[in-house]
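Shared between the two complexes below is subunit A, which pairs with subunit B and subunit C, respectively.
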Partner chain A sequence: MSTARVRPVGGLAAAAVAAAFAILLTGSPAAPATAEADRDVQIRKLDAVRISGLSDFIFPVSMETPAPLTDQVCVFSTASGRYQITATSANASGRDFRLAGDGGIIVYHVAWRGTGGYEELDSGRASDTMGGGSRTSPSCGGGTNASIRVSLDPATYAAALPGIYADTLTITVAPD
Partner chain B sequence: MLATAMAALVALPSAPAMAAKEVVVKGFGNRLAFGRYAWLDTAVSMTDTFCIAGTAPAMLVSFDGHRAGGGFALEDGGGGTMRYRVHFAPAQGGFREVRPGEPVSMAPGAESCSADNVSVRVEIMPDDFNGAASGLYADTLTVIVSTP
Partner chain C sequence: MANGKTKLAVIAGVALASSLVAAAFAATQGTPGATSTGSADVRAEKESAVSITGLNDIVFAASATTPAPLADPVCVFSNPGSYTVNVSSANAAGGTYRLSSGSGFINYSVSWFNAGSGGATVALTSGTASPSITGADQTSPTCGGGDTARIQVTIDPATYISAPAATYTDTLTIIVSPT
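Here is the complex of A and B:
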């Protein structure tokens, strides 16, 4: 505070002078003011899985048991790429997958390959833990990382009457 | 000397213009909790209002938090991140997306907070969410208001 050049003239006037100069001498532009406040933002991400790329299996007309068909699919799992597969036949009998037609039934087999070799599945029963699913890309970057194989049981195929046999196979993938 | 003193007293009316500037932020402390999701088909967002007031005719408002890729990011504590977006609507004007530390100029329009006058919207996009590993993601979003 610079009031040194102001000599008191006594009493109230002197006090007023000192006060006035005190304000003026700090009269450079006021210092910037700042205020801050925080708030938390949060979201919980649950494990997520996705399967894509499945197509219909159409076996050719054949006197002999047709060869197995395979399909390449994409599995996405945020659980470090691990998942379980459950395949369920709409015409299941127990754990058997079955095609149904006018001429009876044809048993078929379903196997899944994530990493390693194919694992045979039972209808309605979750598989062992599979690996190799994409952890970061729900579409697997446009590629595939698993395969499913469907094969017909020769004995029931040979015994079936000519005709069309069909089933709906539902594949359920769950994080592991 | 008496004349000097009188001159100083005459100058007093101009003193209030040089008084310290004040900034008030009120109502920004609530948590924005999005809940639990496994998959997002569309973006999720939460909007809240709060108050910014002060004696300055103009203020700079910016937001900051954990940063990733030039934007805001939630963290899962294990090194995983999830981008999120912050939109701010000043006292006059609509929402605009803001980047971390990017100042937005606004006139507070009020010297005290009697009612909310600004809005913030936090948004998480499906692509940022769906590709993230499972877990709890969080960040502390800070609003910084200053006078120029």
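Here is the complex of A and C:
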């Protein structure tokens, strides 16, 4: 946009007025005197979540069924700290979490605790609503606010041949 | 490995073979977003284990002539299902099993059967592990109250008949290892 503006210079007689005018010019004289435009700025912020602080679950070598292992993690959720968990076993059979090895399979169980007690999970199925996630800090301020418990099924452990059994547990958090 | 001893009598024990799972940290962390996904490895290592139980002393009746062989059923648990057995004599001469009176010896032989009754037999040499033997109970350290093997002792007629009258004894040490 450019603006041309004409104005009188000092208190001169009328005959001399025309010559005494100074022309102050900026921009193109063809442009309109003023122009305005409005642009709306809008953003729809969706809820965001994050899970972090996960560690591997390595059971001790044992002939007998080892004790359960737990891991403390951080869940961030802008949905007032609420979220759902879906845990999936790479070797799942139906809803069962399974470790696979040369000597067969070992079933295991996964439970999640946000607030309150542990809730048993099914592989590939979203949990009930969990609470207690951090509302403001994606890293939970360096702390943790949820717990995962992994326990091995005694019957399938007893029946398994000696050897190494492994699985990859994938955990997805969604706002709720 | 499990071992036991017998004075033509036996004591049983359990030992465990193990190795450690290498901890390779592969957990991944989620990133902020509409959903967030992380992962963790879950690993377990089932340990190999064996035990031998149900051993008894092997006591022959007094006799002027060579007594018939005696057998003792035992329970061998091995979660891989197979095992080796190494039976050694306290009075061995080389690989020969011997009873001793303190001044004289009577030779004997030891055989191992892979069942409480019947089964395949393996002739043993004192201090030498057997070939792999199948038939162990894979799930129950007590074999469910039954037997999965038996040890048989046979007195050597030649050394028995020529031995002076006396009491002859030996201690057998039995080591079972998973295979």
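Quick notes on this one:
Just so it is clear, the second predicted complex is superposed on the first by the 135 of 176 C-alpha atoms of A that agree within 3 Å, B and C clash if a C-alpha of one lies under 4 Å from a C-alpha of the other, contacts with A are read in each partner's own complex, and residues count from 1 in each chain.
Simple rule for what comes next: contacts are C-beta pairs under 8 Å (C-beta built on N, C-alpha and C of every residue); 3 or more make two chains touch, one makes a residue touch a chain.
A quick note: this is a predicted structure, and the numbers were derived from the prediction, not measured.
Contact with subunit B, but none with subunit C, is seen for A:Q42 once the two complexes are overlaid on the shared chain.
By the touch criterion stated above, A:A33 is placed in contact with subunit B alone, subunit C being left untouched. Touch criterion met: A:V173 reaches subunit C, while subunit B stays clear of it. In the superposition on chain A, contact of A:A79 is made with subunit B only, not with subunit C. Once chain A of one complex is fitted onto chain A of the other, the partner contacts of A:R50 extend to both subunit B and subunit C. Contact with both subunit B and subunit C is seen for A:P138 once the two complexes are overlaid on the shared chain. In the superposition on chain A, A:I164 makes contact with subunit C only, not with subunit B.
When the two complexes are overlaid on their common chain A, residue A:F59 makes contact with subunit C while staying clear of subunit B.
Residue overlap on subunit A between the subunit B contacts of one complex and the subunit C contacts of the other covers 46-48, 50, 138, 175. Interface residues of subunit A facing subunit C in the complex, by the touch rule stated above, are 46-63, 66, 71, 73, 76, 97, 99, 101, 103, 106, 108, 138, 148, 150, 152, 157-175. Residues 1-2, 4-5, 8-9, 11-12, 15, 18-25, 28-39, 44, 50, 54, 56, 65, 74, 76, 82, 84, 122, 124, 129-148 of subunit B are the ones touching subunit A in the complex.
Note for the complex: subunit C touches subunit A at residues 16, 18-21, 23-49, 79-81, 138-139, 178.
Across the complex, subunit B is touched by residues 6-7, 9, 13-14, 16-17, 20-21, 23-24, 26-48, 50, 78-80, 135-138, 175 of subunit A.
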